[in-house]
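First chain written, first letter: the chains are A, B, C and D, and each begins at residue 1.
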Amino acid sequence: MGVLENKFKDNVIVASMDKLLGWARSTSPWYFQFGLACCAIEMMASAASRHDLERIGMMPRSSPRQADVMIVAGTVTMKMALRVKKLYEQMAEPKYVISMGSCATSGGPYWQHGYHVLKGVDLVVPVDVYVPGCPPRPEALIEGLLKLQEKIQTERPLTRKSV
Amino acid sequence: MKIAEIKATIINQFPDSVLESEDLAESQLELKADQWFEIATFMKEDPNLSFDQLECITGIDLGVEASLQSRYNFHSMEHRHKVEILITHDRNEPKVASIETIWRIGDWFERETYDMFGIVYEGHRDLRRILCPDDWEGWPLRKDYEGQELYHGIVIPKMKEEDGWE
Amino acid sequence: MYRDFGTIFIFIFMGIVLVYVPLLIQKLIAPNNPNPDKLATYECGEESEGSAWVQFNIRFYVVALIFLIFDVEVVFLFPWAVVFNELGLLAFIEMAIFLLILIVGLAYVWRRGDLDWVKYDVKYGRGRYANLTSQNNNSQDS
Amino acid sequence: MGVVKGDQMVLNIGPQHPSTHGVLRLEVMTDGEIVSQIRPHLGYLHRCFEKHSENVTYEQVIPFTDRCDYLASMNSNFGYVVAMEELMEIKIPERVEYIRVIMGELNRIASHLLALGVYGLDIGAFTPFLYMLRDRERILDIFEYTCGARLLYNYMWVGGVSHDLPKDFETICIDFLDYFEPQIKEYNNLLSYNKIFVERTADVGVIPADVAVSYGVTGPNLRASGVKWDVRKDEPYSIYEKFDFDVPTGTAEFGTLGDCYDRYWVRMLEIEESVKILRQALKEVPSGDVHQALPKKIRPPIGSVYRRTESPRGDLGYYIVSDGTPVPSRVKMRSPAFTALSCLDEVSRGWMISDVIAILGSLDIVLGEIDR
């Protein structure tokens, strides 16, 4: 844990520090290019010229070390599930996960006979925002990302977690 | 070259390895598995057959207790004619010669059919699973395949017909 | 004259401050919980097999040496070039001799073939890579 | 001067990598730069398509064929539907045939646009990717206008199509084609004659014709090696005989026959051919009802069929075995990208790692279709 993290009782100074930190972290969450299947093409389309993700500060990074948000875009299979867990661990804190598409959320159209399909990526990594759709439209993905930015702003990194 | 002539040239070249069965389509030819490698090399080298493209190898499970079958589709770029070869294996230890050294794509097609059905292709240089992970149990596409419960600690929920998630 | 030292001192001081203060803030605030997976080398999601500390091909070392020589040569050129117009013809001739010696070195290295970096042995080399198709490659069974 | 061999190390160009076009793991044996052997590992996106198609009815298999080749879902549907109609001997009204050819060719352009754009990304050129995806969005608008979906359409059913064409579809398409043709020249200026791009791709990753055929490579990759083989011309299905278009093969424009540049160049020429087909098809779309030939209950006779169609990646074959029940007994999809990837090991022996990325990008593989 960081030196000052979660150490302080809730008071006005720490609250404003939290708001500043939350604002700083939420303005440009770089997303981790984790394109698995059809949702990856929609993620590419939303990063390209018409629905530009750079407007909301989202820049594609291809290494977990430089990324804050992991967008799991596509079907996570059993063989891939172990890699997803390992890659999530290798991301730098504070990290967030968006499960894009119904395949990543719950196995999607492959839920019934997909012996090799992981029924939902939340069995492996903690997920922050679920984006429904198969594949979700770029507008849906952008709405999910904005929802995530709101969630980052309300986080309280410095105040002690009331256990 | 018409399909009948193709079958004729193969039959009179390897008379004893051809099986006659009536419910086959016109372009199909059923063979026994023993001389398969020689027939395959003959089909590739023979000038007026010259099947140089192996289109597809399909593994088929004919029924819960019935035998397995692997069907080869061949096509010749030169003469633009096609043929389909069927080879039946029994269910417990399906074996057939590998044609991977003749057509290079056979390598992956055979690995996939092995992965899905468990049909062993002898003489294959590197017969491993290609789609499922290496430590996957069972042959997924067989009719009597029961999915495994647990894989590296991740539960694979079983969908019961009547009461939804288990 | 002493004023110049003042500006240099401020320059250095600001350099140090602008580097270490953010690092300090980061040390205080940033969450930091290492675990074995996180500290493992990132290799596209796979465990890395074997180590990268293998005995590298010699050509990497040779080219690094050649670069070093000519880099040092350029370092000598800079001060000479700055005051070039005050110097007379003699300095020009000296530098020409210095350069000539190094040109001989370059010719030797070029002749020996250490500069053509590309050390392919391509299986289906055609066109400009045709001569790089090494014969021993076809003997390997694919 | 003897070649001093350094030790070999194993490098994983792994499942999560920006240039593997999906989840593909290449286990590369290299001495730091020169690649001596590649072992591709597949199966990271194996979604049990064939197991699903043994448990759902014939109509329900169509959405799964969409999701196999998600870049060219119209052509995947087209292949499955043509195979089914051959098995059941259904006669298709003329209007449906025209709609299918139009949709298939539009989808081919969209798939090639994304393939070439991402290939530019692999080589390091970012702007063509943005230009090409901007125009691809216009095609997706046309698809959305007709069947409501952007990427996976479930549009072509056995015996017909799901939605009839909207009323001013032809004018919209022709407007798009008029807008699109000058754009192709723009791409050529951006990428095709770019010195760096040519230097990185000409003469690199040559696939000789016989190796290509032996590896079962088909489609633009095979035509780039000089073999003139196009299922639309050689085993015509639907109404492709009506249109005259020529099949572009490798022209060794900047290097030798069958190198990475040729594969790129053949795809660029194919976009122009598709535009030619679309112009001819859009002129004479007959009227009629698209739902008229839809069978109420799909119960094909017992038997099997193997039918190939031309998807943007090559020969997309469907082997369908039916046992008379409304549920297929076996559906095998012969995926063109699967065979294109199989020759990567032999072709990229001895090249540098950055060349291997160029070769992999030029093969234009889609992992959903490889792993099924």
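To be clear about the criterion, a residue touches a chain if its C-beta (ideal position, glycine included) is under 8 Å from a C-beta of that chain, and two chains touch if they have at least 3 such contacts.
Source: prediction; values computed, not measured.
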Contact-richer chain pair (by C-beta pairs counted) among A-D and B-D: A-D
Chain centre separation in whole Å, for subunit D relative to subunit A (CA means): 31
Whole-Å gap separating subunit B and subunit D, where each centre is the average of the chain's CA atoms: 25
CA centroid of subunit A to CA centroid of subunit B, Å: 43
Distance between the centres, which are taken as Cα means, of subunit C and subunit B, whole angstrom: 54
Shared-contact residues (touching 2 or more other chains) in subunit A: 79, 83, 87, 112, 115-116
Residues within subunit D bordering two or more other chains: 14-17, 43, 46, 48, 51, 211, 346, 371
Shared-contact residues (touching 2 or more other chains) in subunit C: 45-46, 142
Which chain pairs touch, all of them: A-B, A-C, A-D, B-D, C-D
Of subunit A, residues touching subunit B in the complex: 78-79, 81-82, 111-112, 115-116, 118-119, 123-124
In the complex with subunit A, residue positions of subunit D that touch it: 14-18, 22-23, 43-48, 51-52, 55-56, 63-64, 67, 70-71, 114, 118, 129-131, 133-134, 136-137, 140, 150-152, 367-368, 371
Touching residues (chain side subunit A, partner subunit D) in the complex: 33-38, 40-42, 44-45, 48-50, 62, 74-75, 77, 79-80, 83, 87, 109-110, 112-117, 134-135, 137
List of subunit D residues in touch with subunit B within their complex: 42-43, 46, 48, 50-51, 54, 210-211, 213-216, 227, 229, 234, 303-304, 306, 308, 315, 317, 319, 321, 329-330, 332, 334, 338-339, 342-343, 346, 371-372
Residues of subunit A defined as touching subunit C within the complex: 1-5, 21, 63-65, 83-87, 89-90, 93-94, 157-158
